[in-house]
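Structure in structure tokens, see below.
Labels run A, B, C and D following the written order; every chain starts at residue 1.
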Amino acid sequence: MAAAAGFLAKPWVRWVAVLLVVVLLVVAPLIFPIFLNQTLARIGVFAVAVLGLNVVMGYTGQVSLGQIFFVGVGAYVTAYGVNADWNIALVFILAALIPGVIGLLISLAAARLGGLAIAMVTIALPIIGVPLAKRLSEFTGGSQGSSARFSSAPDWTGLADDQWQLYIVIAITAVVFLLTRNLVRGKYGRAFAIVKGNEAVASSMGISPYRYKVLAFTIASLIGGISGFLYMVVVQYTSPETMSFGHSITLLASMVIGGAGSILGSLLGGAYYVLAPQLTNAIDSSLTAVLQGIILLAILFVLPGGLVSLPRLWRRRRKSDGHGGAPAGGAGSRSAAAATVAPDVSPSAASVTAAPVAATPTPPEPNPPTQSEEKRQDT
Amino acid sequence: MTLLELTDVTAFYGPVQVLDGVSLTVPDGGAVGILGANGAGKTTTLRAISGTVRAGGSITFDGKDIRGMRPDKVAAMGIAHVPEGRGTLSDLTVRENLRVGAYLRKDRKGIESDIDYCLDLFPNLKERIRSHGSALSGGEQQMLAVARAVMSKPRLMLLDEASLGLAPSTAKNVYQAIGRLRRESGIAMLVVEQNANLAFTLVDTATVLETGRNALTGTSAELKGMDEIRRAYLGG
Amino acid sequence: MSTLRKKARITSVVAGIGIVAVLAAGCARGTAGDDTGDATEGPAEASPGITDTSITLGITSPLTGPTAGPGNCTVDGALAYFGVKNAEGGIEFGDGKTRTVEIKAYDDTYDPQKALANFQQMVSDGVFAAGIGLGTPTNRAWREAAIDEEVPQVLVMTGDPIFSDREESPWQLGLVPIYQQEGGAFGEMLASSTEDHKVAILSQNDDYGDGYVEGFKEAIAGADNIEVVKELTYEATDTSVDAQLTELAASGADVFFNAMSITPLVISSLKKTEELGWTPNWFLPSNTSSPGGILQQPDVHADVFPGIYTVAFSQSAASPTFAESEEGAAFLEAIAEYTNQEGVPAFPHCVWSWIAGATLEQAFAEMTEPTRENFMEALLSIQDYSAPFMLEGSVIDTTADGKPAVSDVLVQKYNGKGYAPAEQFG
Amino acid sequence: MGTFIQLVIDGLSAGSIYAALALAIVLVNQATGLINFAQGGMAVLAAYFAYSFLQWGVPLILAILLSMLVSFVLGALIERFLMRRFEQGDPDTAVVVTIGLLTLITGLCGWIWSFNNLQFPSLFPLQNVNILGAVVSVRSIGTTLVIVGIMILLQLLFIGTKLGLALRAVAVNPQSAAFSGLPVGRLLMVGWGLAAALGAIAGALIAPSLTLTPGMMDAALVYALAAVILGGLSSPIGVVVAAWMIGVLENLAAVYVPFIGFDLKIAVPFILIFIVLIVRPQGLFGRKDVVRV
């Protein structure tokens, strides 16, 4: 097994894998059946929305229940722009920028107030957004909503509509995912992680939590706007119901199901958002709520870290079967993971003793999961 | 008469073995120290006793086997564990912290008089009686942790590095108060401490742990001078 | 070591070629994609979803969530109707073949995006036609896709006029009267009354409420004896409308025009107006005026108000005379057998869906070829068909452009037990 | 003048609905540190239990008490077999688990008792009393009084009793609580059980006016969360006062503030929160929490 892992790590093998994925993405829409193309396009839309939510919540730890509001605004801007015959590139830029600016303004005020305020403000966005959309009917078409037909395939491509739409979604989604991956892998990502870990530590290191929370929130709303644009590419119709509060809660659930704070997790989250209802429709369409509740709880029960932690869990279980040690208790692996993520910075206590003691960085007094919990479950 | 006896106690954190056969005894009313460098397994030994980590080997208290017992059951037997990091109940006031300590006791008058005794033992806590645990300084939180343990009227107190993160003068005050507590209450104590000098002000005998095993055991006097102690600290 | 690397490189290159080859073969799908729409003479090629022995209908409606009550009814009425027909061997089509009707139901939880996804699933599941579903935004979400795919979206449960505009929506047809018609019918009757009247309006803040108010205002525009003194709205998600009622009561209006589609809010409004000592004449929309479901609920005293009017085109399942009628009993029995509704359905949508089933049967009987085009022709040529449970004086007429299948509505007045047609106000 | 008082009275009775749910949310938060999104769903489930007892001929008061008992047991079981696994992990995951629980419960209610609006009798007669020109139904007075009663009971539980203290200790630091002999597992179950029983009262109070449907509490959940944030997560009194303020100001703003109107009146609680949080980030009555490094 170790040889294979080595093999995979080689640079040129990784390039071949990337090449294969690209080839697949280019050719797949041509050969897949229509409904699969349409489903994949919808998964792209909501994967981008979940990615945006991850930037502000998964990576920076700020609770946001308002992501669907930015998707809705992006969709409305697109619908208005298309119906007003603006150039499609201009429409795309506005669909991203306007929600981004709204997000910036809101976070400038809310970020100063700390966690609860941001959660409350983001809950308010979709709830106030729906009646506001009905009221501004000259822009939004009011409660009838507005449709914008602009994503049918142009003749020179010789493609069917579903293929053309899927290509647009794949292209934009790939770019957004790559840019975000570089963002969170770079210094911004590390800053977000520290702000998520402990704001007091962040400020003691010269990282202003306020600035990074505003940045994360703005990027999330910008990505939300892009998801709104893609929503219009796929659905070509939007109404106040698009930004209803219930969807925000489902987006949050999808983020956690996919795997919070992970790029691949966002993709899996988008897939869950779209496929879960289709799965429950196939089983029994009058039991949607019961089945979705069961699916959600089942996944979280088996994989608290979300679908993205499946390979890690599978590897750990195979490794720990090797020499029968106590299965890595939550504390073991989690604190190990925590140590690698949060760089070793936390001075053990405000006043470090002068005693000749090697100042081992004890993590800030954690609320350690009691091994006793595990003991009780075993006895 | 032995109150607590550990024989060949082992413990794991996941695949990592931390204790590899630790043995010690604490006589009724006695005080024993556990010394050693970082990672020697001092804290894990206390955790094995109080049931917060799974352990092998045998642990008996007052003749009864308590290995594998749930922490609250171990506490009910009369063992009070003052944890590393002090376990302060940050959302509760100082008085409420103390009343939580006396959760298992029914004697209302006894509880009130013990609260007064604790406030006398730790004067700093008296003015801070109303403030919340989170607002206390490191030293005050350590005093509160010891006071909370006293409130449960234990027969044995496990003290985990009471001096950690305290200014030397504060650490000395805490230990003086604990010394007075030991003289007046006769509670047996098992003291884990990095600062050997502070420990010797309290304990009669001590054992030095090295990579999860007893390297050396002896009375405070014997251990004080020996270079074993220095080697155990500075590493081989 | 190098041999290992060489071997590894070879395998991945071969794999690459393999994949490309497979894809090339698969490319055929790209060109042959657009096969629909080429009209060949000869016997018309059958549309998807219909065989010699069966025909499949798709219904996407909110089966869970806040509008699940009426949503489930839109499916259950048709399920019950065709359950009975299928048990009798099926329906005799115009082309002589007898086919059973299979219904595929999809839940869209009143979310437009899911409704479109469900429609796309229907197309891939190969349904012959779709429709009967509840909700304006949800039906609008896949209206244009249905036109592109040329799949019928018929007898939809929304009063939105766009579905009955032949030019805008060639493959669509509404079932229930458009909201403007219902509001207009009551407005006309009120305008024709001789005394002066002051009207207070409370409407739901969406196309449903706007439609009723628009129709009503149009009808009373000319009459100078009718004056709207106060007009307020509420949100479908509100838990109570007491504050609005307090303000409206202060207006002293003697007619209360009420465009609310939420049953519990109508019940609480009836109680609250009585509490406030305000006893106007009431107007209630067709889907929230059922005697059993609303007017005879505990603590509601309908007799306190001078008159309660509504517009209706079908009998209410909860009215006492319904269960006694032979047709009514058969309906209730079919509902019990073929659906998991419990007891008498509280929402009129079950009866309307049954009516839609009967209308479809009429269309099937006229169909000469198993194609969607032929089905639409047949469906849009039904006249003066008094479907089961239709009130006398209102019939199914699908021939008039701009009008849904049911378009003439009769103003009814509550008489303590059920509704009776009312000629004039007062 | 009558209209003004009437609006205030209506606001208070609407506020009491939000308060009932908010109190249950505070109880779970105090006892386990979690925010339980499914609190509303569990209250609806309890109301359905009471409804079924009524159908079997059990008198109303007894039916409500029985539903409280059943809810207590159910709340404890939900904590032991579902929430226990997530309490120490990532709080976001725990929140999503309660969202999954809410979806499941709402679905089960719809499946077992159908989505129709069921009539639920009220504890109080439908008379009304005239106060200063405003008509007040005995029912809304009764609801408000019961809520005040529960609020005081809760305040006493958490400040005065040993159980309340133990619940709070477990929520803050389970291991340290165990070291003082507190049976952590059982206390967590009791915490959830009490909250579920309190939710049952809320359900029985609210069902008569909203009529019983699986989604009855969904709209109230958002208001309750606003009240919990506004009033401060740790104080029952603060939360109830905040809920009443939201109910009253919402109605007054809808009528008297021209721009707001009845469609945007839902913005009122959030504007309120924004103003309060700028002044006191920990909410009206909450306590500043200190973060030690």
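General remarks:
Here is the rule we go by: a contact is a pair of C-beta atoms (placed from the backbone, for glycine too) under 8 Å apart; a residue touches a chain by one contact, two chains touch by 3 or more.
What you see is a predicted model; the values in this text were computed from it and never measured.
Chains touching both subunit A and subunit B: D. Ranked by how far their CA centres sit from the centre of subunit B, the chains are topped by C. For this pair, subunit B with subunit C, the centres built from the Cα atoms lie 73 Å apart.
Chain centres here are Cα means. That of subunit A falls 37 Å from that of subunit C. Centroids of subunit A and subunit D (each the mean of its C-alpha atoms) stand 30 Å apart.
In terms of their C-alpha centroids, the spacing between subunit B and subunit D amounts to 42 Å. The set of subunit D residues touching two or more other chains comprises 106-107, 110, 173, 175, 178, 184, 214, 263, 266, 292.
Multi-chain contact residues of subunit A (touching two or more other chains) are listed as 131, 134, 286-289, 349-350, 365, 370, 372, 376.
Shared contact sites, meaning residues of subunit B that touch two or more other chains, fall at 52, 70-71, 87-88.
Those residues of subunit C that touch subunit D in the complex are listed here as 64-66, 68-69, 71-72, 205, 232-235, 237-240, 242-244, 246-247, 250, 263-264, 267-268, 271, 275-277, 293, 297-299, 340-342, 345-347.
Residues 7, 12-13, 16, 19-20, 23-24, 27, 30-31, 33-35, 38-39, 42, 131, 134, 142-145, 147, 149, 152, 158-161, 163, 231, 235-242, 244, 246-247, 274, 277-278, 280-281, 285-289 of subunit A are the ones that touch subunit C when the two sit in their complex.
Considering their complex, residues 57, 63, 109, 113-114, 116-117, 119-121, 123-124, 127-128, 131-132, 134-135, 198-201, 204, 245, 249, 252-253, 256-257, 260, 286-294, 296-297, 300-301, 304, 330, 334, 346-347, 349-350, 364-365, 367-370, 372-373, 376 of subunit A touch subunit D. Contacts from subunit D toward subunit A in the complex involve residues 37, 82, 84-86, 88-90, 92-93, 95-97, 99-108, 110-111, 173-175, 178, 184-185, 214, 222, 225-226, 229, 233, 263-264, 266-267, 270, 273-274, 277-278, 281, 283, 291-293.
The touching residues of subunit C, counted against subunit A in their complex, run 8-9, 12, 15-16, 19-20, 23, 26-27, 29-30, 33-34, 63-65, 72, 75, 105-107, 109-114, 116-118, 120-121, 123-124, 136-138, 140-141, 143-145, 148, 160, 205-207, 210, 235, 340.
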